[in-house]
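Both of the next two complexes hold chain A, though its partner changes from chain B to chain C.
And now, the complex of A and B:
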């Protein structure tokens, strides 16, 4: 009898365990894989001409494709591995140094940002890359994960704190260090980091109104800063308003040419004219304009919808997460992807002044795609911990 | 999709009583809604650009992508009055290489260097240069370019083109002129009639990359070129050639600097020949014609080239000397201040105010009437006649004979007459003007004014262009000139002048212009070049025939002859020689 009871209990526990670990957001996984694959196609389409005609890239049409594909494979493996590790590991203390993994990540990101300021490789006039042997690394991408994880971690430690303005300020004091370090060389990424951290705090807080007030105040202050601030920021506004006549508006104008050439269904994959040297580095931040040119309005809207579906999946994982930490992690990732997509498309369509933010998963950039996939791994890991259905 | 979102909504509802608090869910939902609003806004913005602004930006983009490759229009052909082509086109090719399309660089290099006769290293430099298109050689003849085309080498482009070609190379070089690399007339008739001759270039519109590389297989738009209109000239190749030979002969005989001959029809202004030797090769106009070592591209060389291209018949002025006495005579006869029987006395000089002006005959011509005066070309006679006319009358006739105006010939660069201002003319100046000194005009100006005097008083516009032929249809359109101002002189004065000038040939200074079978009329002239006392002269003779009904007028100018320099001695025989051949050629009956 007793034996039977224990048997039953055992079976129940087993079943419970089976059920709890059974959930894994495959739709999210497939969506991510699809977007990454689409990104590779677009990178090949937009970069092959540049790569083929330049000896800098060994005249190899697939130069960018190969590098991005390698990073994407590394990223996908990373994602799958992380997704199978319980995200709560981040809250554990590390052996030997006895600090949590979350804090460790934060400290490493800050150190890397400091290192890059001194030992960074100077590309296009900004020190943003670290060279380690054959690898080139963009520490600001790592900082993005660190900010997401560490914000969630602080809030997890004292969730009640977030109900006051003071809590938000405390979080932002911690975040000020990496944001300032990134902002030194890369203002637009700093803005992304700030928005991501603020987004996480907003979700965690009971007092939403404060954030709305803060948002309005922030916008006003930011506007004043841009208008009264440094000449080059005012210049950007000028370019934005006079994109067709301003000589510095060249890249954006070329992007607009590409978008306008697309029409409803586009010129066809691989048929872009603007990628033939008219848009500098068309496989980078401007890749969405090539998507528009080749796939038309329909293709562009489908890409936007793909991102919305992706965000929606992350959102469902966030609200079903077993604990606050997991939920906030997902919110951070969601905010990160959303902010980048919106800013990127807004820049390409000249809806806001120009700033260099890549389109997640699609723009060329090894570190970026690996880190984004790692973040998706975290979201999948959270989904993997959702119990019972 | 519905299933996808439906499942998600279910998840939202189910999550209500889970660990994540409601306010968290609301917060996250708020963020998602904000994202959706942004996405809708961006999609709207995209639709606006791609649908509403498509024309605006699309057209701008197309202009950016389209490359126009010009197809040269055939330049209009110049014909002489008998239909002989004197300026045409030949087919030439431009050979260029396209780096990215070359498959066998070594073969390309060896073939091109062999066929084009260029150094291998030079070709290699072009072939190996990473550029969209590198020109190897232009103006390659058709045979060679056809040969190169037969090799069918990848990356080697043979573009056909036209080049101006002058079959008579140096014939009438100053008149016809030549064109530049961009099919633009540089001097001569090629400039005057440039707008007719040019035609309209066609174009091949292709798509190119930002680097200007044409995209293969892209649709091409082709705009056919329109050939330039042809031009029929009054020039006669035979007369021109004959005149040129005569000019060369006398230039050599007299070791002269240059010789100019103009032959025209005094009735309508059609110019049969305009020679200024030395001429230059129109097919190689940038080569100096006077065997110097000076580099034609240097500043000094450029100056020499400009001098070589200069047409002295219309661009250089000179003191006409005694040939101008025709004008003085006509004015005096017209005004009635002299009659043929008026007697004059020439002691070898005449005193005007305090100035003693010499006659060319040291001892003087003694007593003579006006007819003898013009036959002797006696300066005191013409000074007397000029003074009788007075400044006002003299200028009245200068204006009437259009001496002070440009002729309006259809050549660029015509020089204007340099004459005293009327208010500065005193008796001495008037005296010198009367026998053709102290002012300058162009040879063509003199001929044109004399034409009006001897053709019965009709002013003419000297010209080369007779008609324009349409490049495509071949239809002919005559060019109209204004030459209907009649009454420049009365018919009687005109007749008297013809008689007087025939007398000059019959018995006077123009004796050597006499030929058997024709009544030739002429007036000779000898002018000392400025500055005086350098023993540099221009010997000239203006003649026309037949004297009673002038059909051909000729002016011969010998610049700086060595030895004997009198117009009557050295220029008049050239007139005789010309008329002896040209008059029968023009089917003018002997008497």
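And now, the complex of A and C:
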């Protein structure tokens, strides 16, 4: 008898333990790692020729691969560490300065953006990089995280406010600072930031009519801006519409050549011809055109499917998050990835005027991949707070 | 007291919105994929062609320089030099809006290049829509020839910058390219080879094409985020330079001697090879069939003009291949008595004979159903291995080979590399034909012992011969010594590849001694050179075949000096144009003349004491 009782007690304890066991989205983790690995393969394929033939890169075919792989490893470690820290820490106040971590992140991002305007390294005619010792980083990437976190934070503080236009405007007043600072040097990233913040607000709001109105107004204003013509941005529209004949359509046209010549199944991994100097820096923003050339439409579909699966996992975490803040964080990350993928593919296929946005996880760029992985760490952290049954 | 606030949750409404957002995202993704599909559908063929066409267009932007070929002393034998072609665009020149410029351009071109103005205008008017016409007689100009025009162009440009009413040169320009030049013409043509387009043909140009070829550079532009044009230049990489083992002086002497003999006596073929027996380096290699590397398709040396006109393309190709053939590596023949040292060395090595073994020669013998005799039925009487070589006694050689047996004989044939390619770094090497072990019956063994019924190439003979005299070391014959890159650093160096040991040191020293005696008091006496110790063996081979009756190949294979050989030489005269061909004297005398001239060049100096 006594033995049976202890048995039952043991079992109950075990079950209790199981019930309280926290969830962790391993599918998301594995999916992210897979996409990063795929990205490394494509970076090697598209950059090896350039790296090999240029003494600037020590004629080392794996030059870009090595650097990106190092960043990916740092990013994955960052992701794993963040995923084990409770995201609610962001809501707590810091020890000495008595502000929340979320606000602190926001302030740091703004300061970094100001610093880069004055002390930034000039690369390809734009001051976007900060040099700290041997490290080079792009503060605009950090700003992306700050915008996601801070938007979620403001909305979390007063969710009902979002039901009116005033709430959205209030959020946007906060966001205007980093967006304007980024936009000074890098318009396309500013657009991404704007869309991410708006996306989170849109999801959090119960009244959608305002957003529809804002969308229509925005389109009209944008159209007007283009028609009244501000220098090179009007030029971009021209290039977009006449890519084959416009003399400045070179880069995009070369990308289109790559996509169309790939056909359904592509020329085979490593067999791209367009990467041989025709698509400049093909391992960067234009990498998707190399994916299309080498792996064909099938490869493109698989890449898009991978992203849909990734977004689906983030979506699931958002729906099941234990609180509103967690959900909104996930929505922010989801919006960030979705916006970048859409803009990148749309530019490469000449569906919209050219603007430089990297393809998440796949394009070459150290800061970008580390930050994206950190964001995935945040989502994993949210998933880790879901109580499993 | 603190009041615990209720947990704020993600509301149902928000969840619905998020689902809607997800659906929208997926729809946009699908739309983008459809866009890709549409691009592929409509532009696949068109754009694929563009990808392929621009590949060659942009790739040829910056030229690379093909590597030089030099002889062992640094004499340039093949070099790429920049030349200029004059190109005009009749369309631009006829353009009404461009009239002042056109007039100025034509005037400048006429005065700088000495063109005929009416002819030029005729050309312009005959092709008014063309944008690219190369002026035929202004192709391949040197820098000196074009510098005046370039200066005029620059000055005009400079002046137009200050005053834009001044005309500039447009519609006429110079295009640069590299032209391959061979400063020594036909010297060593078979070893150097020539270039067809981008690819080497024959000789080093062909065999080492990848080394000599560089890679094209590119210049391309792209737009940064502010849409400024960024120019990136990927410089061209020049090809590597090649240092040949050939000594151009020796090569030239050899060729002159061949030409002299060809006119004085005449023969079907005359060929000479000179090699360094200590590392397999070929110092000279030539035959009487040569062509000018600067004009390799000129058949006029072989045919008259009317004959060439009558030829079909196919016949021309055959004739050219015949002209470009490298006799020493592609021609196979029966070597004759120069083969005897190989047989004697093998037998000595296997101890089936020794220096004191005696054989009896009575002029002729019955082998199977054939009667075989020594040359002119001379009866040599009692012979030893030494006298077999000295007197070139066939019957003695037959007995030595019989003693050696078919198994060992065949083994040594392989060891010497007969019936196999030597691996010389030139294309189109022939293997020759030897008897395999099973068909080496008494008759074949007998005839093979004095170098008949087996086919060899000159390079096989001389490479194997080097091993007979240098202590048994078989080096792979080669014509390239070093590969040097643009910065003059050695990329690859060929120090002589030791392939195998054919015979022992001791046997080799015996052979050296026998061959020395052969020259000093045997059949090869005419090969002597005053002041030098020469060793060697003669050969007189009967040619076989339908109309080869009474035709002979006479040859001499030898070396100097006899104690430590520095130079090995092989001369061969195929069907000397004389009444009675079967005298090796033609070859031995010829070899003597050549050696007398080349030995000092090769640093082999005569012993004054032995000079008479």
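We take it that the second predicted complex is superposed on the first by the 366 of 389 C-alpha atoms of A that agree within 3 Å, B and C clash if a C-alpha of one lies under 4 Å from a C-alpha of the other, contacts with A are read in each partner's own complex, and residues count from 1 in each chain.
One rule holds in what follows: a contact is a pair of C-beta atoms (placed from the backbone, for glycine too) under 8 Å apart; a residue touches a chain by one contact, two chains touch by 3 or more.
This is a predicted model, so every value here is computed, not measured.
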Once chain A from each complex is brought into register, does chain C clash with chain B or fit beside it? clash
Does the superposition put A:67 against chain B (first), chain C (second), both, or neither? neither
Give one of first, second, both or neither to describe whether A:308 is in contact with chain B, with chain C, with both, or with none. both
May I ask you to decide whether A:325 touches chain B, chain C, both, or neither, giving the answer as first, second, both or neither? second
Using the superposition on chain A described above, determine whether A:281 touches chain B (first), chain C (second), both, or neither. second
Please indicate which partner A:262 is in contact with in the superposed arrangement: first for chain B, second for chain C, both, or neither. both
Going by the contact rule set out at the top, does A:144 touch chain B (first), chain C (second), both, or neither? neither
What is the contact status of A:250 with respect to chain B (first) and chain C (second): first, second, both, or neither? second
Between chain B and chain C, more residues of chain A are touched by C
Now for A:336: first (chain B), second (chain C), both, or neither, which partner does it touch? neither
Taking the superposition on A as described, I'd like to know which of chain B and chain C A:49 touches: first, second, both or neither. first
Mind checking 1-9, 145-153 or 253-261? I need the stretch of chain B that runs into chain C in the superposition. 145-153
Overlap of chain B and chain C contacts on chain A, residues 53, 199, 202-206, 208, 256-264, 273-274, 276-278, 292, 296-297, 300-301, 304, 307-308, 311-312, 315, 318-319, 321-324, 327, 331, 334-335, 338, 342, 345-346, 349, 351
Chain A residues touching chain C in their complex are 53-54, 124-126, 156, 159, 186, 188, 199, 202-206, 208, 232, 235-236, 239, 248, 250-251, 256-264, 273-274, 276-278, 280-281, 292, 296-297, 300-301, 304, 307-308, 311-312, 315, 318-319, 321-328, 331, 334-335, 338, 341-342, 345-346, 349, 351, 355-356
Touching residues of chain A toward chain B in the complex: what are they? 27, 49, 53, 199, 202-206, 208, 256-264, 273-274, 276-278, 292, 296-297, 300-301, 304, 307-309, 311-313, 315-316, 318-324, 327, 331, 334-335, 338, 342, 345-346, 349, 351
Contact residues on chain B for chain A in the complex? 4-5, 7-8, 11-12, 14-15, 18-20, 23-32, 35-36, 38-39, 41-43, 45-47, 49-51, 53-54, 56-58, 60-61, 64-65, 100, 207, 209-211, 215
Can you tell me which positions in chain C touch chain A when the two form their complex? 7-11, 13-15, 17-19, 21-22, 25-26, 28-29, 32-33, 35-37, 39-40, 42-44, 46-48, 50-52, 54-55, 58, 215, 218, 220-230, 232, 234
